[in-house]
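When the chains are written out, they are named A, B, C and D in that same order, and each has its own residue count from 1.
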Amino acid sequence: MKQHCYALELLVRDYECDMQGIVNNAVYQNYLEHARHEYLKSQGVDFAELAREQVNLVVLRAELDYRQSLRSGDRFQVTVRLEQVSRLRFAFCQEIYRLPDRAIVLQGKITGTALGPNGRPCQSEGISALFHRVEFRSR
Amino acid sequence: MKQHCYALELLVRDYECDMQGIVNNAVYQNYLEHARHEYLKSQGVDFAELAREQVNLVVLRAELDYRQSLRSGDRFQVTVRLEQVSRLRFAFCQEIYRLPDRAIVLQGKITGTALGPNGRPCQSEGISALFHRVEFRSR
Amino acid sequence: MKQHCYALELLVRDYECDMQGIVNNAVYQNYLEHARHEYLKSQGVDFAELAREQVNLVVLRAELDYRQSLRSGDRFQVTVRLEQVSRLRFAFCQEIYRLPDRAIVLQGKITGTALGPNGRPCQSEGISALFHRVEFRSR
Amino acid sequence: MKQHCYALELLVRDYECDMQGIVNNAVYQNYLEHARHEYLKSQGVDFAELAREQVNLVVLRAELDYRQSLRSGDRFQVTVRLEQVSRLRFAFCQEIYRLPDRAIVLQGKITGTALGPNGRPCQSEGISALFHRVEFRSR
């Protein structure tokens, strides 16, 4: 059963819109990233702290389906649902909904991993602990 | 036979790097977009002019495979190859290579369409003419 | 007596930080612009609507004093106080404070004007009405 | 006698334009920063390398006079002239000119300093050596 672990509400900022008067394509990746990092932080995993310890969470693949455009003044919600893909890979299933009508704006799947100080995929303790909690909750 | 229609050479700018010291994920979409627009302009299709005439070229789907990170000071090449997907849809197959070693950095496929003044998909004259030329060339 | 007309609370997003681990200089201008536009909207002046009517609010001069850096995870407040400089020019005195300690992060003064459809400075009705209200309130 | 030490030629990218169809105000700071960093690198001072050694070049004050807007497709030149302000402070006098007509787009003065690992202003060896060379040249 589909269940959103986390949702963040944001507002379009005018500088995020391009000459077509709509939010520029690349900006949605910013929205998605910000929601992922806020979700991780709410679960005790701090992207910035990991980066300082030279554990880098990186994106391996992004699939983004653009359904509708956001415009100046639009409020929207970004959702985050985490899935374990393999021992070292995880995926974030994310959606963006315009508010208040909840029209779907974007669906995305972001696959990532953690790279250790040597630049190789590693198991981040924080992420592993997070998976344990997520699994436990979904039983 | 794979054949790149267009290639643009760029340089990483320091403000494009994030706290991990690497180019932020979303920035690659900027690179890809800039190369697409330069390619289109070289073929007589001006994104800005179309926008002023209320014909908006929009992205429907983006698939991005991140192979390696670019860093401060890196030079790189962005390639563009156009494909017609259906009467109203087109796809840009794009790659980013680090220079001078040509290590693959990112592979992407960006599917788009043109929306007319009424917000519905339409056949843009410039794009159609471009497909004729591309087809002709590939025979 | 100094009196802040408007204040907006925001959160640093990780993609706004650069390789030094601090918010990049240019990003503060984004914060200031967003707060100005939200302030104007709260007063019935919509930047996007004006742009569609070809009345462009533009910045003529920006003075920015950087006192301290914001970092990943920081909450902050952006203030806006409007001043009429001349018949056609207005200035926004703005500050950014880190929260909760209210350490001053940035002080800025942004001078602007409205350009009409012919590209020349003009009196925007909305802005003029806003000045009347602001003056009235400050008596 | 006014003399530009360094000039960089760039092209407006469409994603840098906002809904008014002109380059967004904050983006000019990106242009100025990129030109400063390229200038410094041409003089043997690498911003990224310094950041890794925890010597952070930071902006203390920015004064920006916007004379004219850049638009989609515009080519432009960013100039950099370095001045020593005090033992620990330096200023970059910068201009942006549209090409090929050399219309002035922006004049800026960016004052900065180097912060050492302890977060306090320090004399960066690279910058000091640079001042010696600059002074020598200007005699």
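Some observations on this one:
Simple rule for what comes next: contacts are C-beta pairs under 8 Å (C-beta built on N, C-alpha and C of every residue); 3 or more make two chains touch, one makes a residue touch a chain.
Keep in mind that what you see is a predicted model, and the values were worked out from it rather than measured.
Farthest from chain D, judged by the mean position of CA atoms in each chain, is A.
Between chain C and chain D, the superposing rotation on Cα atoms measures out at 180°, rounded to the nearest 5. When the interfaces B-D and A-B are ranked by how many C-beta pairs touch across them, A-B comes first. If you match contact pairs by residue number, over half of those in A-D turn up again in just one of A-C, C-D or B-C, and that pair is B-C. One finds 23 Å separating the Cα centroids of chain A and chain B. Each chain gets one centre point, the mean of its Cα atoms, and the points for chain B and chain D are 29 Å apart. Shared interface positions of chain C, i.e. residues touching 2 or more other chains, are given as 14-15, 17, 19-21, 24, 26, 30, 33, 48, 51, 72.
On the side of chain C, the complex with chain B involves touching residues 14-15, 17-21, 24, 26, 72.
Note for the complex: chain B touches chain A at residues 19-20, 22, 24-27, 29-30, 33, 48, 51, 56, 58-66, 69. By the touch rule above, chain A contacts chain C in their complex via residues 13-15, 17, 21, 30, 33-34, 37, 41, 46-48, 51-52, 71-73.
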